[in-house]
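First, the structure itself, so that you have it in front of you.
The first chain written gets the first letter, and so on, giving A, B, C and D; residue counts start at 1 in each chain.
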Amino acid sequence: MDGRDWGKFLLPYEQTVEELKVKFKTLRTELKKREEFSPIEFVTGRVKRISSILEKAKRLHVPMDKLETGIEDIAGIRIMCQFVEDIERVASIIREREDMILVYEKDYIANTKESGYRSYHMIVEYPVQTGLGMKRVLAEIQIRTLAMNFWATIEHSLNYKYRESLPKELRIRLKKAAEAAFKLDEEMSSIREEIIRAQQLFEDRSNL
Amino acid sequence: MDGRDWGKFLLPYEQTVEELKVKFKTLRTELKKREEFSPIEFVTGRVKRISSILEKAKRLHVPMDKLETGIEDIAGIRIMCQFVEDIERVASIIREREDMILVYEKDYIANTKESGYRSYHMIVEYPVQTGLGMKRVLAEIQIRTLAMNFWATIEHSLNYKYRESLPKELRIRLKKAAEAAFKLDEEMSSIREEIIRAQQLFEDRSNL
Amino acid sequence: MDGRDWGKFLLPYEQTVEELKVKFKTLRTELKKREEFSPIEFVTGRVKRISSILEKAKRLHVPMDKLETGIEDIAGIRIMCQFVEDIERVASIIREREDMILVYEKDYIANTKESGYRSYHMIVEYPVQTGLGMKRVLAEIQIRTLAMNFWATIEHSLNYKYRESLPKELRIRLKKAAEAAFKLDEEMSSIREEIIRAQQLFEDRSNL
Amino acid sequence: MDGRDWGKFLLPYEQTVEELKVKFKTLRTELKKREEFSPIEFVTGRVKRISSILEKAKRLHVPMDKLETGIEDIAGIRIMCQFVEDIERVASIIREREDMILVYEKDYIANTKESGYRSYHMIVEYPVQTGLGMKRVLAEIQIRTLAMNFWATIEHSLNYKYRESLPKELRIRLKKAAEAAFKLDEEMSSIREEIIRAQQLFEDRSNL
């Protein structure tokens, strides 16, 4: 660690995570009330640990005085959806918000990572009011289905345990699990279509 | 609804759910500290809605003055696990607790329901201290993996929507999704075995 | 009640209360970290009940289509301080924030109400992002000491119980309690000054 | 610190605090529903910090292997009441509970401490289910009015700051504040009596 006061450095990020969690949780409530369905199942958030910030800075060659712009996920929000189709809906809502600015997006669902990782990432700039005035911080919003999240949680803890040297057998198993998670999402999507079709059939009949 | 004061009738159940949630959440924390791994991923709880209690009483022919013994899941706790193997571990911990008495168990994992439903249920008797003295109430503890829970959530909301008359196409789709969830759990289990094998290999080498 | 969908009408106010609570709670944490003392002891918030909104609209002759501008405390935040001196500090921080606009202030501490009520009120305009775009809502922030709050809580529940017709004996007692609360605040202020004096004395000696 | 694993030592105390907080919070809800008034205003809890445990052990000459019986407030619960009269009501409820055993009581309200400290303390033995079986731990329950709590909070932070050597001027000021807090409680009690008298008068008239 360098000599900086990390407690103070992380303050605006902690505040950003708290504010964004509340904002997406109330969005969930609002959509349930307005449309009787919310594409958001639940929301979590975390501030990156100091050791992980330092590690990532080293790996990406980010100088220590450029952490605020070089590491984009010090503040991280995760939004879980029931269906793959809900992810685009959530992304489009975020794109139109006026209380944060979209910086860029990364689509790891259309472009699944080699490891099997799937998720939709949005980097936003969020203005946060601190005791020293207004400050703009970067935050990463990850949007994924429950099955994607389930798989990613396992992968994360394995990578954490084995670092670079994940045994080959485990890597293969992990990929098979990713395929099973993908299959589960596909089945859920087909249920979703079936539900919509059943509803339309029902409405058509009512209109006769 | 009958003339009873439902607010007061539900009080000991609400208290039971709050106390059991705290107990299983602190158990999670304790196991993480003692064994560096917890078979419990997260815990939720709910008191059954009055309308659902009445519906179930009617379906099971439980007389209105026998609700406390006839409906076993007025207080409900759900414990989510990462791996199928963790479920038995949690069940065996519950069997040995002295602060609740096991009444009986239902294993819907060995005996998957026709619909595709998988879960491990334990009915316990829990002594709860009320303003009117000690009271023993029944509670149902459901133990399941994240994939089982994911599937069951969808099934529950579909059944809620369509009641008995779930369209055949949807029922087939739901079963396919259950198979995909089962497949995901199997892949996760094989990862778990691989992890244990990798660790033993590592330890054997260290001992040479 | 009029025919409006109150659930939807109150949504932006509920959201405002949640966001402001988080903002003032993290401000408390931030000030503790930056200055080792926070003028904020704790923060609460509430949305006004529909019956109270209707009653106030009637009393102040606010037309039903002007509720959003005519009733300023539908969203209400309360900030509790340890010392009377902290109140001005909190007010000056709020005046300088860029994420809300101060509309006006009411100083019921310099101008104690006839009943004995003391508190500092700030009406702010807060921009809240809803599913239908950005919306500006009014919120009332009440800043008070613990003793002021303690007294006000009692007065509120008595007024709620007796409406206009608070018995004369109770009104006199309430005023005496307000004086005792005022006396307690004065004693606390003198302790605060004593603490500052003791610290200066200590520092002077260290500099010899 | 001695060589023990403090994280594990404190586990049953953390669990006790969590369980007791839930139990007294639901008691509050229950009394509000059953009697339309709760003598409990709010409940807090904390586990004593390791440094404070060690300091107290030294001060009271408690050997390090007797901490569990020698330090009675490692698990601490605080129950705040609106009126002095509510304290005895809460104490009598605790005496009759079957889920904890009263060890002894200390009445610092009848016997105010030299410093001005007032509070009602109950030491209880609480059976807590751990991963290693059932364990009986001691817990201290402090019952006090909001004014007593307000004063005690200030005194605690001053003692923490100045240790034994609280300047004489501050000690005198603190005592005056204790008297103001006492006066406030007395005024509140007289309001309480007035409320009860007003209600009886009202009922007597209704019966004519």
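Here is the rule we use: a residue touches a chain if its C-beta (ideal position, glycine included) is under 8 Å from a C-beta of that chain, and two chains touch if they have at least 3 such contacts.
As the structure is a prediction and not an experimental result, all values here were calculated from the model.
Trainee: Indicate the whole-number Å distance between the mean C-alpha point of subunit B and the mean C-alpha point of subunit D.
Mentor: That pair's centroid distance is 36 Å.
Trainee: Could you grab the centroid distance between subunit B and subunit C? Build each centroid from C-alpha atoms only and quote it in angstrom.
Mentor: 43
Trainee: Approximately how many whole Å separate the CA-defined centres of subunit C and subunit D?
Mentor: Comparing mean C-alpha positions, subunit D is 28 Å from subunit C.
Trainee: In subunit A, what residues contact two or more other chains?
Mentor: Touching at least two other chains: none.
Trainee: If you connect every pair of chains that touch, what shape comes out? Choose line, ring, star, complete or other.
Mentor: Graph shape, chains as nodes and touching pairs as edges: a ring.
Trainee: Each pair of chains that touch: what are they?
Mentor: A-B, A-C, B-D, C-D
Trainee: Give the list of subunit C residues in touch with subunit D in this complex.
Mentor: Touching subunit D: residues 82, 146-147, 150, 153-154, 158, 167, 169-170, 173-174, 176-177, 179-181, 183-184, 186-188, 190-191, 194-195, 197-198 of subunit C.
Trainee: In their shared complex, at which residues does subunit C touch subunit A?
Mentor: On the subunit C side, the touching residues are 7-8, 11, 14-15, 18-19, 22-23, 25-27, 29-31, 33-34, 93, 97-99, 127, 129-131, 133-134.
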